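After this come two complexes, each holding chain A, first together with chain B and then together with chain C.
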Partner chain A sequence: MIVAGLDIGSLTIKAVIFEENKIKGFTIVPTGADANKLTKDCLELTLKRTGNDFKDLQAIVATGYGRISVPFTDKSITEITCHAIGANWLNPDTRTVIDIGGQDSKVISVDQDGRVVDFVMNDKCAAGTGRFLEVMANALGVKTEELGNESLKSKKKITISSMCTVFAESEVISLIAEGCAKEDIIRGLHEAISNRICSMACRLRLENTIALTGGVAKNIGMVHALKKRLKAKVYVPEEPQIVGALGAAIAASRILYSE
Partner chain B sequence: MLDNYNDNFKSALIKKIAKNSNTYQLGNIGSKIYFRKSSKSFKLWLDFLFYQLKEACKKRKLVVWTNIYTPSELLYALGLIPIYPELISGVLASVGLASYFIETAESKFYTTDLCSFYRVATGLVLKGWFPEPDLIISSSQLCDGSTKFFHSISKYYNCEHYLIDTPYYNDLNSQKYLAAQLKEIAHKIDEISGQQLNNERINHTFNLSNQAREYIIKLSKFRENIPSPLSGWDAMAYILYMFFSSLGTERGLEFYRTLYQEVRERVDKGIGVIKEEKHRILWLHQIRPYYQNEIIQNLKENKAVISFEEVSYVYWSALDPQRPWASLAQKMTSNFGIGPIERRVKTVYDLVKRYNIDGVIHFSQRGCRQSCGGAYIIKDFLQKKGVPMLILDGDGADSRNYSKAQTRTRIEAFLEMLS
Partner chain C sequence: MIKKEFLDYIQHKERIFESIKKPRMGWVCTYTPVEIIIAAGFYPYRIIPVEDPSLANSYLDSNFCPYVRSCLGEALEKRPEYADNLIIVNSCDAMRRLYDAWRHYVQGAFIYLLDLPRDDSAKAIKYYQANLQLLIDRLEEKFKIKISEDLLSQAILVCNKTRKLLTELSDLYVKEKISLSAVEFLQIVKGSMIFPQEEYNILLEKFLKDLKKEENILPETSQIKNKSKILITGTVMDDLSMAKVVEDYGGRVVFVDMCTGNRYFSDQSKISEIKQTNSDPLRVLAEYYLRKIPCPRMMNLEKRWEYLLKIIKDYQVKGVIFYNLKFCDTSMFELPLIREKLQKNKIPSLCLEGEFASNNLGRVKTRIQAFLEVLEFAR
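Showing the complex of A and B:
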């Protein structure tokens, strides 16, 4: 039984092919203006990698912000439910999921079966999201994927006080002008986001184990900052960015079982 | 129901407003904007809305600007024509006209952090759309933004502002303190209007209010029904308008009698708001977003219905014309929203049980402190009782603060959690 999970996020599209309770393959591509076409391409690329064909798929579930507009899926489920399912499958001890995605961040309480018990999401602004880090990386002239390693070099603590993306960007530019080291600024940014995420997370009953999911969990500096602040048992999946798509694929296989 | 006719209403209203820019004309044409499919109660509301505006423009009686927790019976007994800026702001938001007034207010340094309903109202004032007030009577109950708004409006129009200071606790001392204020205001109005407030008028107004109250209680009883016969989405639109502004009037009574009959018919026939009712929702906070939004569709698609909303709960006892001031004071202090949060928590939990609620949505309006402040305490309490609650941050009148996708994700994830 082969199924697919698609996570159409604001910055990236993820596809996971799932067979007999195993991840057979996955692909991550950047989101563009034609999300439908890109989603289809992303899925087809994954199928090619796993040596399958579109018609082999017995069910497809979509999640993420673009979930509604994709025409070739069987069902759409929110990313909150999907991240809970995905994280639970990867690590059954997961009781809390912190998903930091491109345009929002979510904290989800999960039970032993991977069901959502409660959740909170960030406010309307981009603070504490992947987009925030992208803007800052741009201001610093660093690639987003290099932010993590750069920040680990930091020796001096810098506090970033602004959380509005525009204000923080100008704060970063001022700090560069003052001659502050890039790595210290980046660490400051990670800590600022981590503080914001943690204050949101504390609205829920934070229970171990805490799984970090979403693209931002690939940033080692961010993970360090969160671990330091959370003082909890933290689990980072090998590929945190596909947890939503994985959850969608598992949901797709459950649809088949229930039928 | 307002949403069902939104487009017709909007285009008709905008067209008419473009032709007749002053409010008197708006009052004149109001009765003509009827929709073939709309319910009788909806038409009665529209009639009432425009009648009030028209009367206010005629200036035969004193025009008083007021807010929703000032007992309307006091104003009608005193022979005043009330104008409710916050309610009218909601109506304008529902027909897509709020942004224009919000931008007007913001151009005069009214910050975006203020309650959007009062920013719309401020814009309306600055553009001269409202019939001018002869005086302002407002209550400090629950809404702190309104006090500041009315204070600045009284300066703008150079008119008296009587503020009814509502105490925190619901006890005899508070009621006495409030009753004394109400009595004092009544005497002052008597002096200004030159009319003597008599028992007959008080009797008449209170009786009308009490009769309407009986219908609201019966309606609330009907809403225990499964499937839900009346959508909370409507209850928080035109019905809410009448709930706050029409008690104590013949039109108000007629409205509730009609609404009662409409809902009764639906109950008798077993007609629900949606075909298959899976999740019964209780909506918290007095308002909902009034501009074009997809929330009700999101709920409907997921087989959820707003079975009841805290704003429609009748918290006060029947008014006693023999003790008018004490009775009105009691109505005010009976509001479960004032005082310690435990009062609201208790009422909310009672409503959850009474209406067989599966999940609670708390709409946290930006710029509204009294509601948002207690949301987490309610959530915590309900969670311990096994009742899930979603805190939905949003804006009631400023559509610029609405994100379709983000709101949809929150609502859908919440409903998935209930499944």
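Showing the complex of A and C:
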């Protein structure tokens, strides 16, 4: 039984092919204006990699904020439910999922079966998300994927007080002008985001293990800052970015089972 | 009367305003005794703004109740034809500031601030009754009119009728006996706040009569059993599309605990009390308003919890959505405690925050869909 999960996020599109309870292959591509076509391309690329054909797919579930606009899927499920399912499959001890994506972040309480018990999402603002980090990396002249390693070099603590993306950018620019080291600023940014995420997370009952998902979990500096702040058992999947798409794929296989 | 025709008619605010020649008296809080406004010969209408509050942003800070800012914004934009007169109830800080700002910036308007106690004790009722008398004195003096006991009793009967009709509609709606969506139900309730009451009663009565005709009553088999029953609780809801999203994703809104929903027309038992108009009408009014379904502002945590739990049991609610306008301390400060209690009772809940007259449905959609997925799994 071959199924696919698609996660159409604000910055990237993810496709996962799932067969007999195993991840057979996945692809991550950047989002563009024509999300429909890009999603189809992303899926086809993955199929090519796994040596399958579109016709082999027995069910497709879409998630992410573009989930409704894709026509060739069987069902759309929210990314909240999908991240819970995906994280539970990867690590059954997961009781909390912190997903930091491109344009929003969410904290999800999960039970032992991977069901969502409660959740919170950040409010209409890019603060504390992947987009925020992208803007800051740009202001600092660093590649987004280098932010993590850069911040680990930091020796001095700097507090960034603004969490508004626009204000934080000008704060960062002032810090550069004052001669602060790049790595210290980046660490400051990571700490500011993790403070924000934690205050949101504390609205739920935080239980171990906490899984970090979404693209931002690839940033080692961010993971460090969160670990320090959460003081909890943290689990980072090998590919945190595809957890939503994986959850969607698992949901697709469950649809088949229930039929 | 056909549903579509009725709904179109009651929602057309401009047309209603044009056709009514009586002087208007605006109100903003459901603790305003509309009966007194009617008895004074005015046409009472609730200010439910549709305008962007940008004009008001110069006078009230943006971390201020969005409803209040929108009310002021609309008044500044459309005065004088829109907001000649206004009664504000001292129900929260934001309302008091609306009173202050209105007095300064909406020039030439008649504005009155009515004080409201916080419980329904005998003393509180006496106090509120005295305040209602002060309002009457002021209206009589300002507009050179006489508000007699007879006029008040008549007005009470008119408003009772509206409440009775709305309660009847709500019963049919909850039992899914008629084809009426949550949005349509809320539009009808909203219509009763902006339409002249007497005429509205005639329209609604006719509409209800048609709805109850045998051919319009839905057979029981058509009721979808698998929907998660939802209670929406909070402040003011202007953007009804939220209720539509709940229904689109397979939920069923059974109770809207908001002052633009069920809280406005209260329940049947209270109505029969107010029917005995041979007693002092002001006393009847004071009792009714302090004992109707209360606003969170009127209750302490324990009382509010008991109240919500009763609705949850009575209506077999499976999930609670809290919908509050931003910065509403009165209804939000106790949310974490209420949510904790709900969790202990295994009732999932979702908190949504809104702006007034804004459209950020995209974010709300994901949350509501995810919430309904939680409820579906829990079943």
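Throughout what follows, the second predicted complex is superposed on the first by the 259 of 259 C-alpha atoms of A that agree within 3 Å, B and C clash if a C-alpha of one lies under 4 Å from a C-alpha of the other, contacts with A are read in each partner's own complex, and residues count from 1 in each chain.
In the analysis below, a residue touches a chain if its C-beta (ideal position, glycine included) is under 8 Å from a C-beta of that chain, and two chains touch if they have at least 3 such contacts.
Quick caveat: nothing in here was measured; it's all calculated off a predicted structure.
A.B. asks: In the superposition on chain A, see if there is space for chain B and chain C together, and answer fit or clash.
C.D. replies: clash
A.B. asks: Considering only touches as defined above, state whether A:K155 meets chain B (first), chain C (second), both or neither.
C.D. replies: In the superposed model, A:K155 contacts neither chain B nor chain C.
A.B. asks: Who does A:K22 touch here: chain B (first), chain C (second), both, or neither?
C.D. replies: In the superposition, A:K22 contacts neither chain B nor chain C.
A.B. asks: With the two structures laid over each other on chain A, which partner does A:K231 touch: chain B (first), chain C (second), both, or neither?
C.D. replies: neither
A.B. asks: Taking the superposition as given, does A:T78 touch the first partner, chain B, the second, chain C, both, or neither?
C.D. replies: Both partners, chain B and chain C.
A.B. asks: Just chain B (first), just chain C (second), both, or neither: which does A:V117 touch?
C.D. replies: both
A.B. asks: Would you tell me the residues on chain A in contact with chain B in one complex that are also in contact with chain C in the other?
C.D. replies: 65, 77-81, 104, 115-121, 123-124, 203.
A.B. asks: Along chain B, where are the residues that touch chain A in the complex?
C.D. replies: Where chain B meets chain A, its residues are 376, 383, 388, 391, 393, 401, 403, 405-406, 408-410, 412-413, 416-417.
A.B. asks: Which residues of chain A touch chain B in the complex?
C.D. replies: Interface residues on chain A, with respect to chain B: 65, 68, 77-81, 104, 115-121, 123-124, 203.
A.B. asks: Which of the residues in chain C end up touching chain A in this complex?
C.D. replies: Per the touch definition, chain C meets chain A at residues 336, 343, 348, 351, 353, 360, 362-363, 366-367, 369-370, 373-374, 377-378.
A.B. asks: Please give the residue numbers of chain A that touch chain C in the complex, ascending.
C.D. replies: For this pair, the touching residues of chain A are 65, 77-81, 104, 115-121, 123-124, 203.
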